[in-house]
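Pasting the structures here.
Look for chain A in each of the two complexes below; its partner is chain B in the first and chain C in the second.
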Partner chain A sequence: MNTQKLLGVAGFLFAVFVLVPWGIAASGRWDFYYTLTSVALLSIGAAGVWLTFYIGRINIGQGAYALMGGYVSAVLIMKAGISFWATLPLAGLFCAVISVLIGLPILRLRGVYFAMVTLVLTEVTRLTALALSVTNGAKGITSIPLPGELSLFGLTIVPDFATMQNPKLAFYLLAATLMVLSYAALWRIVNSRLGHLCRSLQQNEELASSIGVNTAYLRVLAYAISSFFGGIAGAVFVAISQSIYPSSFVVTDSVNFMLYCFLGGLGYVFGPMLGTLLLYFGWDLLSIAKQYQLLIYSSAMIALMLAVPNGVLSLLDRKGGRK
Partner chain B sequence: MEQILANGLYLGAQYALIALGLTLIFSLMNVLNFAHGQMYVLGGFVTYTFVAQFGLPFIVGLLASAVVLAVVGALIEKFLFRPVIRKSKREESTMLLAAGIAFFLDAVILLVFGEKQRGVPKIVNGVFNWDFRLIMPYDRILIGVLAIAAIVGFILYMQYSRTGRAMRALAQDRVAAQLMGVDVDRYSMIGFALGAMLAGVVGGLLVTITGINLGMGGPTSIKAFMMIMIGGAGVISGAIAGGFILGMMESIGLSVLAVYGDITYLVIFATLMIFLAFRPQGLMGKPWG
Partner chain C sequence: MSTILEVKAITKRYGGLTAVNAVSFDVAEGEILSVIGPNGAGKSTLFKLISSFVPATSGEVLFRGAKISDLAPHKVARMGVVRTFQETTIFKSMTVRENIIVAHQLRAKASLLGFFIGSAQARADEEAFGASADDIVDFLGLGAIRDELASNLPQGHLRALGMAIGLATNPTVLLLDEPFAGMNHDETMNMVANVRRLRDERGVTVLLVEHDMPAVMKISDRIVVINFGEKIAEGTPAEIQANPRVIEAYLGSEDAAIGM
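Moving on to the complex of A and B:
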């Protein structure tokens, strides 16, 4: 079992870091880099949403944190002149701190109430970005420089993006690395004591608290980790597009993050990744259908929901049961 | 001041009608209907087609959009929500379905009606003017009165008809209602159809004033969510209260806060957040919905 898992991980890493760049170079479809980079980044955000699902909350507010993270990174780069690499963790931390402040009151809500309040939060963030002066209102922040060199003790780890021949590949590798790290972290969290406690929250919060689980602390912690992921995803997105506007992440994006989780399967750590790949990549491929794109996309989504209401990965379950 | 109040009442009546449909669906099936705004848009377009394209009287168009949306709602419940609710492990899965339906309706509306802003000619001409303290076009008054009449009709229907009683029983306790011999499947379908119909009626009413376009669906859903959060999800009185409160806040905000720029909704959102921190279940909701 353990070697099987290791092989699976190795195969996945090989596919992400070797097969995909090779396949793209062979086919000449350079535009896929942008799509796959987006998939990797969105799946980081979706990982966060999944974690809030794991404590039994429906989070439709990840777009808010992606937007916040993006703005923090953009403002720090443009106004304070900090390197992109330093703003990346700062964006995540900023989101985590804000999410603790917001989470303390709203995490008392449950079910659809929490879902609706987080949905509203996305809209609030957009309106705040419009109203503040540091975010430059509707004009947004544009012409943000590409990420510079990342070096540690004089050793260059990542060269300056502006001097690279192929920044698309570099961005893809960056996003993929971050994705792998996030999911490794997520997997570690789920399979730790913290994960077990989170599962107890998902099943029955009153019961969990009655046997001494600090539910208030746990749910805020999970929400903060979730928002950290959202902030990081947003910050990298800004680095790629070199601009950010209040409408960069809107309610639709928040809803999409949730849909990725649902489609992949809520019971599986790697569900959100698969869901993001299917939905986002599928949407991109469907652009050949022109005006019927949305129709086909939504029909496929509804059909998938009817066929596998517990997520695509639940197909694995059934196979396991038959053995 | 009278002007602000009148505007608030007029807006509130529309909003309450939208929120009623959403809350009805939620209370019966525990489904948060993301597609509610799209249903509203669809209703507006149906009325537009009947009135502006076919040249039929407005009331026919309104009835047509009510019927079309009721049929659409019934079909969606029977063929989409029912099987998914039966098969899925977590009831939140219906959210994905609802969002999928919202996208689907968006696509259908785009293909059938196009993306242009549409409107119908004024149904009544003239402006009511009370000493320049209260100015209101007659068609707005008519629409407001129609909306209030629809709300009253809905409440009476829920209160005194056999179907309404069955639906209220269902909302209170699904299992108990089933044990008492209520046909759960049938009344869920009727309830969903009724909810969708209300959205269609509002769309039909508002197309005469503001017109309708494809992009109005999503924001309408969000506003409807806010209303049922204010009033409490799944409670009819709460939906009405939420609708009127939001209408009033919007009307007051737009005139009082206008000097600070476009921040009315920011203030409303922030207030809502604080309100929910103290009263998570809304004004009249049951704790934990």
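Moving on to the complex of A and C:
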């Protein structure tokens, strides 16, 4: 890694972990914590969607895994009394396992066919949550306790959220940390041979398999990682809102995850993060436009897609004169 | 020379249409064997059957005595039978060198997790792939376009790149699908020389499908002729040129007097 990249990473971490909390404290806009926490969590989900794009599949089903992850965490906390911190990886793993089972048959599909099936998946998950007794049907699961203390070898890493003066800040830091970890993993995948292989799938699956790439395995692996991210994001959302309903994540959310990727840039690892920030934050800021919010938002989105079809990050490349 | 590949009464039907009908032939280790035939004779289907890209309706293909015709394509490739494609099938948004490097997958010793965490084995692999890719680039004389994006390459170079990708897998048997298509005379002669060197210097057995008759006659040790999905002749280039059934298939019997 060269100095420029290292400085970039340091600057980014400084902005996320120091500047943002400082700025919010100075301006007194505490509501921004909720917005930015959501941005961080949604961008984790979007990172997963982006990875499925990277193997050449349009994924409009991330909402399903966010919902699943949320329910797994909620059920484990409420019914089994497991700590939130343990349910977090379990929610991710559960989603990864389910996505392997679902992915094995559906990842053979390409293009719009795969996209349609994933779209349906979100609705199927919602209906399943509505029908099962363990998810408590339409009433959902409520009054979920805040995350407790996280300690390792008797050392307290995170104190009990319920005893905190400012749990909003704590949630923000948690979401931001998870986001940083997710994107570090994604960056590593893309910049290792693994990413090279994913690109070979995206560009030509037939050729990839003729040179010995186990395409079916790699597709399922990428989809499982993608769904793991979705599950993690969903679980933290539930911890924040302390409740989950079948309608907590719906088709619109799945579509949004995809849009974040599109607008940020499918060719850039940090595209989905920027896309999430712009779209989600933009939507929030536009609330001052009252009834015109959706009109302005969607017009801006159409304009962006026309102006920068390769995502906002492609502007950087254009300025730098690179191809 | 021992037999390396046996095609045994392989048949492929698409609904009522028989694309390949009970074709049998043997390929000897280290030979260059061409499959020729008029358009629509079933050559490409035969190739897909041998590389196991389409399942056979009946019959089988044996590689060193082991059946490969019902394995997944990547497993067949792993055993050493690798195909290139008729269409200019390459990874378009990668450079020539990246194309060749990614094609080294069969030689990877590190696991995917190893590549993710950057294990010692993974780094050794990466280094070996890079060196081998440069070696292949030099072997095929692609040095000038090493870092060119594949989508910018002209037809002739794309064919060469397709072959380079095939070579990267370290094949025992390389199936070349129309390697000379779309090439001018000089490019063709260059490619003919490359295919020869592939066999002579690297010991690769080459099976190719081709339209370019002069090139086929020049390059092949033996030729198998297919028409309407059936094998109609097999022999050395001289035998094939003199075979009346071949002349009939290509020119129609009345034009036989013209000769080939």
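Throughout what follows, the second predicted complex is superposed on the first by the 320 of 323 C-alpha atoms of A that agree within 3 Å, B and C clash if a C-alpha of one lies under 4 Å from a C-alpha of the other, contacts with A are read in each partner's own complex, and residues count from 1 in each chain.
Rule of thumb we're sticking to: a contact is a pair of C-beta atoms (placed from the backbone, for glycine too) under 8 Å apart; a residue touches a chain by one contact, two chains touch by 3 or more.
Keep in mind it's a predicted model, so treat the numbers as computed, not measured.
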- Pick one for A:N204: touches chain B only (first), chain C only (second), both, or neither. second
- Is A:L286 in contact with chain B, with chain C, with both, or with neither (first, second, both, neither)? neither
- Which of chain B and chain C A:L266 touches, first, second, both or neither: first
- Message: Looking at A:M164, would you say it contacts chain B, chain C, both, or neither? Reply first, second, both or neither.
- Response: neither
- Query: What is the contact status of A:E123 with respect to chain B (first) and chain C (second): first, second, both, or neither?
  - Reply: first
- Task: Examine A:A86 and indicate which partner it touches, taking first as chain B and second as chain C; both and neither are also allowed.
- Result: neither
- Query: Looking at chain A, which of its residues have contacts with both chain B and chain C?
  - Reply: none
- Query: In the complex formed with chain A, which residues of chain B make contact?
  - Reply: 26, 32, 34, 80, 83-84, 87-90, 92-93, 95-97, 99-101, 103-104, 106-108, 110-111, 218, 222, 225-226, 228-229, 233, 261-263, 265-266, 269-270, 272-274, 276-277, 280-282, 288-289
- Message: Which stretch or stretches of chain A touch chain C in the complex?
- Response: 188-189, 192-194, 196-197, 199-200, 203-204, 206-207, 209-215, 218, 221, 323
- Query: Residues of chain A touching chain B in their complex?
  - Reply: 58, 102, 105-106, 108-113, 115-117, 119-121, 123-124, 127-128, 130-131, 251-252, 255, 258-259, 262-263, 266-267, 291-292, 294-295, 297-299, 301-302, 305-306, 309-310
- Task: Within their complex, state which residues of chain C touch chain A.
- Result: 51, 53, 72-74, 77-78, 82-85, 89-94, 98, 101-103, 105-106, 108, 112, 115-116, 118, 122, 125-126, 149, 165-166, 168-169
